[in-house]
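Data first, discussion second: the structure below is written as structure tokens.
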Amino acid sequence: MDANQLKQLLEQVQNGQLATDKALEKLRDLPFESIDYAKIDHHRALRCGTPETIYCPGKTTEQIIEIFQRMAKKGTNVLGTRCEPETYEALKKVVPNAQYEQRARAIVLYQEEKKETEGIIAVVTAGTSDIPVAEEARVTAEVFGQTVQTIYDVGVAGLHRLLSHNESLQKASVIIVVAGMEGALASVVGGLVSVPVIAVPTSIGYGASFNGLAPLLTMLNSCASGVSVVNIDNGFGAGTIAAMINRQTSKK
Amino acid sequence: MDANQLKQLLEQVQNGQLATDKALEKLRDLPFESIDYAKIDHHRALRCGTPETIYCPGKTTEQIIEIFQRMAKKGTNVLGTRCEPETYEALKKVVPNAQYEQRARAIVLYQEEKKETEGIIAVVTAGTSDIPVAEEARVTAEVFGQTVQTIYDVGVAGLHRLLSHNESLQKASVIIVVAGMEGALASVVGGLVSVPVIAVPTSIGYGASFNGLAPLLTMLNSCASGVSVVNIDNGFGAGTIAAMINRQTSKK
Amino acid sequence: MDANQLKQLLEQVQNGQLATDKALEKLRDLPFESIDYAKIDHHRALRCGTPETIYCPGKTTEQIIEIFQRMAKKGTNVLGTRCEPETYEALKKVVPNAQYEQRARAIVLYQEEKKETEGIIAVVTAGTSDIPVAEEARVTAEVFGQTVQTIYDVGVAGLHRLLSHNESLQKASVIIVVAGMEGALASVVGGLVSVPVIAVPTSIGYGASFNGLAPLLTMLNSCASGVSVVNIDNGFGAGTIAAMINRQTSKK
Amino acid sequence: MDANQLKQLLEQVQNGQLATDKALEKLRDLPFESIDYAKIDHHRALRCGTPETIYCPGKTTEQIIEIFQRMAKKGTNVLGTRCEPETYEALKKVVPNAQYEQRARAIVLYQEEKKETEGIIAVVTAGTSDIPVAEEARVTAEVFGQTVQTIYDVGVAGLHRLLSHNESLQKASVIIVVAGMEGALASVVGGLVSVPVIAVPTSIGYGASFNGLAPLLTMLNSCASGVSVVNIDNGFGAGTIAAMINRQTSKK
Amino acid sequence: MDANQLKQLLEQVQNGQLATDKALEKLRDLPFESIDYAKIDHHRALRCGTPETIYCPGKTTEQIIEIFQRMAKKGTNVLGTRCEPETYEALKKVVPNAQYEQRARAIVLYQEEKKETEGIIAVVTAGTSDIPVAEEARVTAEVFGQTVQTIYDVGVAGLHRLLSHNESLQKASVIIVVAGMEGALASVVGGLVSVPVIAVPTSIGYGASFNGLAPLLTMLNSCASGVSVVNIDNGFGAGTIAAMINRQTSKK
Amino acid sequence: MDANQLKQLLEQVQNGQLATDKALEKLRDLPFESIDYAKIDHHRALRCGTPETIYCPGKTTEQIIEIFQRMAKKGTNVLGTRCEPETYEALKKVVPNAQYEQRARAIVLYQEEKKETEGIIAVVTAGTSDIPVAEEARVTAEVFGQTVQTIYDVGVAGLHRLLSHNESLQKASVIIVVAGMEGALASVVGGLVSVPVIAVPTSIGYGASFNGLAPLLTMLNSCASGVSVVNIDNGFGAGTIAAMINRQTSKK
Amino acid sequence: MDANQLKQLLEQVQNGQLATDKALEKLRDLPFESIDYAKIDHHRALRCGTPETIYCPGKTTEQIIEIFQRMAKKGTNVLGTRCEPETYEALKKVVPNAQYEQRARAIVLYQEEKKETEGIIAVVTAGTSDIPVAEEARVTAEVFGQTVQTIYDVGVAGLHRLLSHNESLQKASVIIVVAGMEGALASVVGGLVSVPVIAVPTSIGYGASFNGLAPLLTMLNSCASGVSVVNIDNGFGAGTIAAMINRQTSKK
Amino acid sequence: MDANQLKQLLEQVQNGQLATDKALEKLRDLPFESIDYAKIDHHRALRCGTPETIYCPGKTTEQIIEIFQRMAKKGTNVLGTRCEPETYEALKKVVPNAQYEQRARAIVLYQEEKKETEGIIAVVTAGTSDIPVAEEARVTAEVFGQTVQTIYDVGVAGLHRLLSHNESLQKASVIIVVAGMEGALASVVGGLVSVPVIAVPTSIGYGASFNGLAPLLTMLNSCASGVSVVNIDNGFGAGTIAAMINRQTSKK
């Protein structure tokens, strides 16, 4: 039952063609999903300005291009994650403004005006191998319209590298910490700042890293309050959460 | 917004006090949950004859008695699982018809007429230590109004014990297999019959049983098709599922 | 010792050629497996109309074709699971009526009349990546002669997608829920219906999904009663169990 | 070397008692930690209004009382988590204004003026057993000066319970979801809102819950973007992070 | 259908009271388990001289005494494992010849003549804490009528302790190695001898021993061929297997 | 210090060239390994008739051929496990009598006379996929000079297949059970016989088999006494242990 | 065969009572363990000054006192770990000089002269809850005669606390880092110094700490070279290793 | 703020251009990292003679060559680990003195004079498959300027092989034990010596080795005191730690 049907029903009540009892019964049978959720989704779209995103693995180039084009028509920014360079090459021919973020392996189309946001998201990595995941987080946050500063390769085994960026850390509204191996960086950063830290364990490491299980456990057990954790290698998730937080800071 | 409020709205439309456009808008804003779910729940209650159940651990005797009494007023059977004998002693004083199933550690109140169902649920255990979990399954299924036959202590290390009950197994519409240690019984039973087998791993065992992990994995990997698995020691869940299946057999 | 030998023995007793004591002794030595199991298997075949099935991995194309042809002669439906397209191409030349279900990666031969069954099996997936496993379940159930309705890509992150199919869910006699990542869909569906839910965790996901361990644990711990679980990616098992349940609904 | 010593050094330079070269050398040897960190910590205290907190387990009643009193002197709110009632009884005698939050097992002393914050933190639980962890989160956030709304016992097995609070969920700036068993609630809530969701797995459950491992993995694998996770039963951590986020919303 | 019924059937055939066709049919329906398994079990009893055993945990003192007495009547040795001293005190009153093996926590009744067997079973432990499990193995093997030599506290951290018993090791027909902590002893013993080694991991140890998982994995991965493994702390199982092996050596 | 040096020392004592005190001191410094171990190894070789074996993976074809030839010179049987067909092709040119066991992926050279042993080793598999591991066990035992009977594809899901081989099982002196998936076969066989059962879990299976962890745990937790376990896929180990056991049976 | 027997043998050779051939044969049969190991152990005792140690759990007070007294007679320091206060009270009566280290739960008897060693062992903890394990390490190292400096409660969440002890860290010859929760401290300390770091994970923490598994994995995956790890809560092991290292520094 | 800026500040104070109060304030704002860490790092370089090292995986040949050349200019030894032969071939053209350690897969450039150190590091392996990891440890220690002796293929299954090197073991100052499969060698070596043992589990093995988890647990649970553990396959880490320890022995 869509809005038209509902309107007809109400008109029948108005015209006396339908008793209120009968109408009540019909409304009770009204599938609960038809009206309300559509509305909610509409509201969310209006309220959030959330960019459209595609998770590319498992989709053919044709599928990605088709979805990307359909999304692009809405006028918001568009993001495709975990995307092969070949796919970008094919996409570029039909969406010339699309860009390829090589390290993040992401395709992006900026259609909304970029503005410096009041709050800043810092993205920090322990090593150079963690950078692809960090870049996915950075690109995601930027596609969400947020301002990002990156601080890479400042792992705890050389504490001075991290401490030399203390000023930048203190300025951020939310910090994403990306680390593999033992993942200790999240705790150390969490101890230096008083803003939320989103920790991303990476599958970088070997042996008893168990594909990221070690930094995942490290981060979950962080002794620094303020640290929450997303899935292993989930740069996109971290970028989204950081954008959600920073948006609240920025919009006021 | 409850039914009364909705009725008033419709009457206002009928009386011309409210334009259809305005009414439509109000209905669109109508919280999606208010009407439909209540109805669905109501329907489910009518359709299923589902007994009321209480999971006792973590609740005080007073809370259990109060909830039990409230449930009892609906006229359906009532089941309390994982219940201490002391709680039953206290309950009996205010609900004299309540019974205590000692091995299942369950309190039950039968208020619906018991009828032999066409389909039969067989509950099978590997050892005597698995019986408490099996009894929880049996009591649950019986409280759901289903007919149950129990076949206990027929583990695979003495195959003849199991095979001597082959006839009973062949007659069942659905079979619950309860086994700890290595949990092999589910596969063997699954290979003998062509009806659904609900496997319940138990935490019985020691060492590398890892509190039921071993039989859980065994059952999930069963080479016999027809075997699905519930959580460790979850006799209640198995009894419920078996009742759901047997009810379909029986109701026609 | 087959039936003929047994008949001879009895005739010898009848004719007085063999004393009852000697006959008793011979019968005691009779291998227990010779008569009874053959009969049981025969009975099962008659009773169940179970289709013949081949698990293809690890078998050569030649072996698959040979087994498939032998099975096809029995006149029942035939199913080959996890089958490569190349194998189907080769099979088609000798069994022209065999069909290839691409998404399920299954080869099927329908030899039994298809009839709409009274009960309906719903197959539901959380995402599009779960579809291959779901399709294996669907094809399996159909080869078993059951009627299936599919509801794909209705994961819990967009609840309205699921709720818009509530009517279909309520009509089903048994529901297969296929979900990777966090596997929450099984609990949500289990809470909406009062029929058995067969949950299939898939290995879709990354990081701490640990190849399907995460949705497996989620489903085993479902707070909704009525949910039982099969092995990771085991669409065939789920389809078989659902068919076993639905057959009971339908045959009456 | 503290500020006084540093001042003396500078005065010696000013007075010509110390050559700049010598002073430079002394400054180079200046332990890097002495000045800067003190300042940072000071700044953090000023900037954050962070309440003082004590984690009580493993400390004697005497130790807790002594630390509590020392903290109370600073004039900020004070929070003691995981605190036994007996400890509170003893504390109350010397800090009469301290309150005991029974379900959260927390002792609190409010010394700062409570104000309704602009942003609201919603704390949601799947079951009643998850409430103690949720209450720890609520109390923590309130001690941080934030406004909290609680929505308890709205697990996914009865979806209408959750959906009936949709309006409250939509109003929140950040949502804490506390769930044991299968932990699916975080994904469902994450799919309904567009603000950060902090997921807290609880050790509630049995069998293959493995003391909270199951909901932990579920939440880490959430298909809903916007969900980050803290340690099992870590209500304090979730409350702190939510407060950090909401503070940014509120302060502008 | 027992032997008498079968005899009657044959006599009816002999007397012409029953046609062979009818008899054949009856025999075909004969439950497969009735004859053969009884026979097999009987044979096993005759062939093996297997002692009767009771696993005591989870049984009441009354149950243990009753089962013990019933077993004792058969004239074989009787063994009760994991038995509390109190149970033995009660049993002794009715079975005065029963003995209590304190370290093994076993009750035993020797009714068969003890003879020195040709083959010898060596039971070796790494530490003193492993002795209870080793004693359970020793008692089990002795109750099975086998000759056992014990070599305790010869862990690999002091290799000379082990090597000083090399002669005894070389004389054994089968060796049981009981070890907790890192479980390395099984490999070292396996490398010194050319007879089967039954390895029993124990739950002795702390931290990353994970209740016996560490020695279990160690033993399964033994680089010495000839080592097979039983469950953690399963002295009874090891004793039984060793007796089975040694019996073959001894009976010829 | 070898035997010659030792003899010289004794002659010096005899000749009075060396005081007993000095000789004693020299002997005390005598590396403990020089004499005794050499002897032990020598004795083992004489006593056991153990064949020479090579584990091929990680060795070049040249290395395998060289080691194989060196071993062949000793006149015992030679076994190379996990060997690629290409390696065999190269080896055959220089050791023409070497044979290739295709399913076992083993190269063997029989140089000792084959004799039927009194005891028989039965090798049993659950499925056809387990056969390669079983064949490695069979070939190993045969290279050790033992008689083997194979019973393949008798998994518990079709119990009659196993039971039809009951007679063969009863005749065996030791039984190797090879099974993947849920590994239940070991318990069932263990319950049918009274001889040692060596269980070999295989990595066959999918999903929650976790590369053989499921059958490994199943077998370790076997409720049938008499079952011990070797590493996943370790056919060689099982064959060696079975040969050690059967050799004791046979030599008398 | 002990030294006396060996001397007799040599004298018999000297006296011509025993031919060298016979003597050689006897020596070849000489159990390899009798001489050499005794010597080695003796040498070790002389060389190392290793204190005698008792692991108390699982031993009765009587046993502990007896062993302690026997050890005390050798004149070296004596250490009893994981010892209850009651045991110490009993011991003190017979060994009045024994001391009780309360936080380490250790009993110690100093009989060797304490000297300041050249090298210093630093023992560092992340939190106050880690102190008991750290104290066990400290006491162990001191009983080994080494000089220890403790730096407690300097976890990474408050980096300045650690950095304020940088000077002490730089002076140490070897550092023991004791940390629970996420265990990040080992990496941070490892990055600050260029001496060996012995990391001890503790079982302090909750939820996904999994009784110390989290810090264990963290420490094993440390990105700082120079960090090796001992078992969870194994303060004794860490103290021993640190003493072994520091002794080499100190003895020259 | 670098040294120049600091000097200017002091001169301004000296000249009266800057009040001490103002200078104090500026110094308080002085970024804590600028001076001290630079100095510390410088000191560490001077003090340690630590070679420069590159972890090659994930870096392009161009990157490796560039970093290697830059490091080489400092005059210390240079080490590149986990390096492909092709990379070495390319490097050799521009750094002709670089050598390739084939088994260790390491590129090394010796620029410091090699001297025999007083202490010796022994590197021991259980099998030949463990040699690559052992060689990485050896090369690392040698690049650190330490003297190494290797003892390969002395696993515990053939104890005499190990014991024949007892003399070498006793001479070492620190021992690296590299072992896969069950990893028992570390405990046996730890029991023979009284110097620190660094245990390196390797991923060699199959089945329940779980890629090195089995030897890792074995080594962590070693009953021999003196054993600490590094990550699976981490030869570089072990070599570094051993060098750190041996350097202390040698420098005095």
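Going by the order they are written in, the chains are A, B, C, D, E, F, G and H; count residues from 1 in each one.
Here, a residue touches a chain if its C-beta (ideal position, glycine included) is under 8 Å from a C-beta of that chain, and two chains touch if they have at least 3 such contacts.
In this text the structure is predicted, and so the values were computed from the model without any measurement.
Counting C-beta pairs in contact, the pair that comes out ahead of the other among B-E and E-H is E-H. Remark: rotation between chain D and chain G after Cα superposition is 90° (nearest 5). Repeating the C-D interface, with the same residue numbers in over half of the contact pairs, is the pair E-H out of E-G, E-H or D-G. Between the CA-based centres of chain D and chain F the separation comes to 60 Å, rounded to the whole angstrom.
Each chain gets one centre point, the mean of its Cα atoms, and the points for chain E and chain F are 24 Å apart.
Each chain gets one centre point, the mean of its Cα atoms, and the points for chain B and chain D are 40 Å apart. Among the residues of chain A, those touching two or more other chains are numbered 31-33, 37, 40, 159, 163, 166, 192, 207-209, 213, 216, 220-222, 225, 231-232.
You'll find the chains touch as A-B, A-C, A-D, A-G, A-H, B-C, B-D, B-E, B-F, C-D, C-E, C-F, D-G, D-H, E-F, E-G, E-H, F-G, F-H, G-H. Residues 3, 6-7, 10-11, 13-14, 16, 20, 23-24, 27-33, 35-37, 39-40 of chain H are the ones that touch chain D when the two sit in their complex. Chain C meets chain F in the complex at residues 31-34, 37-38, 40-41, 58, 201, 203, 211-213, 216, 231-234.
Within the complex formed with chain G, the chain H residues making contact are 40, 44, 47-48, 50, 119, 166, 170, 173-174, 192, 194-196, 198, 216, 220-222, 225-232, 236-238, 240-241, 244-245, 248-249, 252. Contacts from chain A toward chain H in the complex involve residues 128-129, 159-160, 163-164, 166-167, 206-209.
Chain H meets chain E in the complex at residues 126-127, 155-159, 163, 181-184, 187-188, 190-192, 205, 207-210, 213-215, 217-225.
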